[in-house]
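Chain lettering (A, B, C and D) follows the sequence in which the chains are written, and residue indices restart at 1 in each chain.
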């Protein structure tokens, strides 16, 4: 049984690796970076959307611990400890923005792009109404994302000549995540007992990762809309200088 | 002002028309139908997913009328009347399935596909936390969908040799929607007053329509997974005969 | 069975009658009125608290129709129709206040008294998490309340020399309720099937009625606090003249 | 300012002391104990109701940390740490019941009494919709309750000849609370800034304490109903022997 669960988790991680590859291979942002793209405006839009979804991470994680159908004390404690660790992380993205010369505060940012809202909506949905373990599936790939997304961030750093304090959100999360990643896997192995649990975890893992791919495509679309004058939503970013 | 709002609504409807076109042009299901595809299994999968999201339509519509920041009596009444009209419509999809020989009930259907869940999640999100008018944006295209989706349904009917009682959900909704469509537009014009309202309506309209495109692609993916033996989720549909 | 349900409903109505009697017999407001009390300030405080809880009546009624464990189409339709009928009734209490010379709007009223909040909190609780039929138990006594509370209102009208437009909320609800009352009883008889249903209905009926008793006692307490200078919360009412 | 806040907190604590006194003086359970009452059945009913409300303590505390209008990182962390500490405490009451020979599990307990439900409903209400600080007001008196309720528990212990393992819930909470109490006060002083905050804290503190008084009266009523044969709800407790 334990063995079968380990096998199942490894299969899920392999699916996630494949999905990451599809996502990065198909991403217009990645292609643009590989062709030498280096406009900080794109990174600023990405930071704004990062602020928006990260604002909700601790909240939707805490929501899992309010459910009356979640009765396992160890899992409830995991949810609350993890929610605690995530408190206020959105402010790192906010400060990175400010270090890049964007003179905005949480109250004066434009609202999230629709693709960011879809991602946020899905996280609340699984946290409130899905299988109570599904929120773990988001953490599973998020805590290990540096392995896949790290090279993209490195390109961004080099090509846009960013200092660490301008991308502290990503630097911090790359550091922090190693211990977390192991902890998420252990928690999944301790609590996923049934085929329905594993199916729910797989659905939530792949779906939330794909929605982040959608978020990135939304950032790209907004950047194109700005460049080609179709939208003024992010026009305030153009003059911003650190 | 009234004039500007009418113009704005027309622009939104034009955007929806373009999005419908992109969606249908890019849809593998539409291509397959145009090439003569005629397997009822695909239609059955689509009916199952239809059951799932329609189950929530009245509920998320009613949710808008529970919000303490929704205080306009006329709009509250609209929400409640519309929720009333939507009660139980999912049972039409259920009966169509049964007419096609699928011996299942709501309690024994497989759970929604992930792309269906994303659509449902987004509708609850806008209904509970978005601009209170956003739920109207979904109705705006849904009530007028027959214009775009009708030809696809006609192909399905002809190529799969379906009787009316096997697609009553779609037949009924094609009939009903004409008056509704006008009513939705009037309600939008009566209540949308600000640029933020119109932006929120546009975001919700285009996003919810794209998520239905995602739902259709999810149905196609599940059909392929079944055909190629990658998943047994819908295996029970194969033998089903009316 | 039908016979047993009718008997059960009659027993519940008898319990409600007893609870009304206890409540009115023990009420310091009723005693004060019987001793000739006639200060409009007390009635104004009562109208403010009425505004507050009535604001939520349509909303918590609609909430019952958002629940995924409420699947009976006839009952869902009942909930939505009733929520529709209750929309905006709080504005009657607001206009009565204004007819009494109170120059306030919903945004400038003091917040609800704690005992009013407890009543509101309980209605949301049963609507969202209780047996889905429990919201009917509140309607059961509310729609028939004129029988018990009418004489109190008559005293208020006479002793405080109020015109109809100064107590339109109560005048309207006395008229409207006769048909409603029958409708609520029929709905209960159609949907209450188990001992657990009847116990839940009885608990919610007697508890919500007692909480309204608490609300009235809270109004009396606030009136005393004002009269004896312990609180300035309702001081703005003193000078108010129509 | 700091000085004024300290004064305000002291006034609130003095109000709580007065309310505790009223509550204990007026309590039929306390009177019965003072007259030598010693039936374990009453204590068992009280443990069942304790199980019910304590089940929700961590959940409604976590709920405060899901609110988008709660943005202070230090307070969010307080809420999540406190929710973490409260996880599973209801199981102490469950085990005490089992030590007293009650062969029930959470799934086979009778549902909460109406007065217990009112208390639970109010806690969710303030946690979800009230001033975000209001949940602290419940902790303020709950963490310091041993000072007032301790003598009652001592009488129960002596007169009913209970062993520590039969009242571990209360023994543990008497120990734990000293540090907590200071922590709650510090948190209030750090976050309550406005007159509206202090009024909200006072309302929630006194109201939640009075509702616990109501819960105790509900326990007494249920005990009388059992003794006088009016209800069989707790009949299973009579034979229970450790």
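The rule is short, and it goes like this: a residue touches a chain if its C-beta (ideal position, glycine included) is under 8 Å from a C-beta of that chain, and two chains touch if they have at least 3 such contacts.
Worth saying up front: this structure is predicted, and the values here are computed from it rather than measured.
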### Message
Moving step by step between touching chains, how few steps can get you from subunit A to subunit C?
### Response
2
### Task
Report, in whole Å, the distance between the mean C-alpha point of subunit A and the mean C-alpha point of subunit D.
39
### Task
Starting from the mean Cα coordinates of subunit B and subunit D, work out the distance between those two points in Å.
47
## Note on the structure
Cα centroid separation, subunit A vs subunit B, in Å, comes to 28
### Query
Where in subunit B do residues touch two or more other chains at once?
68
### Task
For this assembly, give the contact graph shape among line, ring, star, complete and other.
ring
### Message
For the complex, give me every residue of subunit C touching subunit B.
### Response
55-56, 58-60, 62-63, 65-68, 71, 73, 76-77, 80-81, 83-84, 87-88, 91, 106
### Task
State the interface residues of subunit A toward subunit B in the complex, per the touch definition above.
114-115, 117-118, 120-122, 124-126, 130, 203-204, 206-207, 211
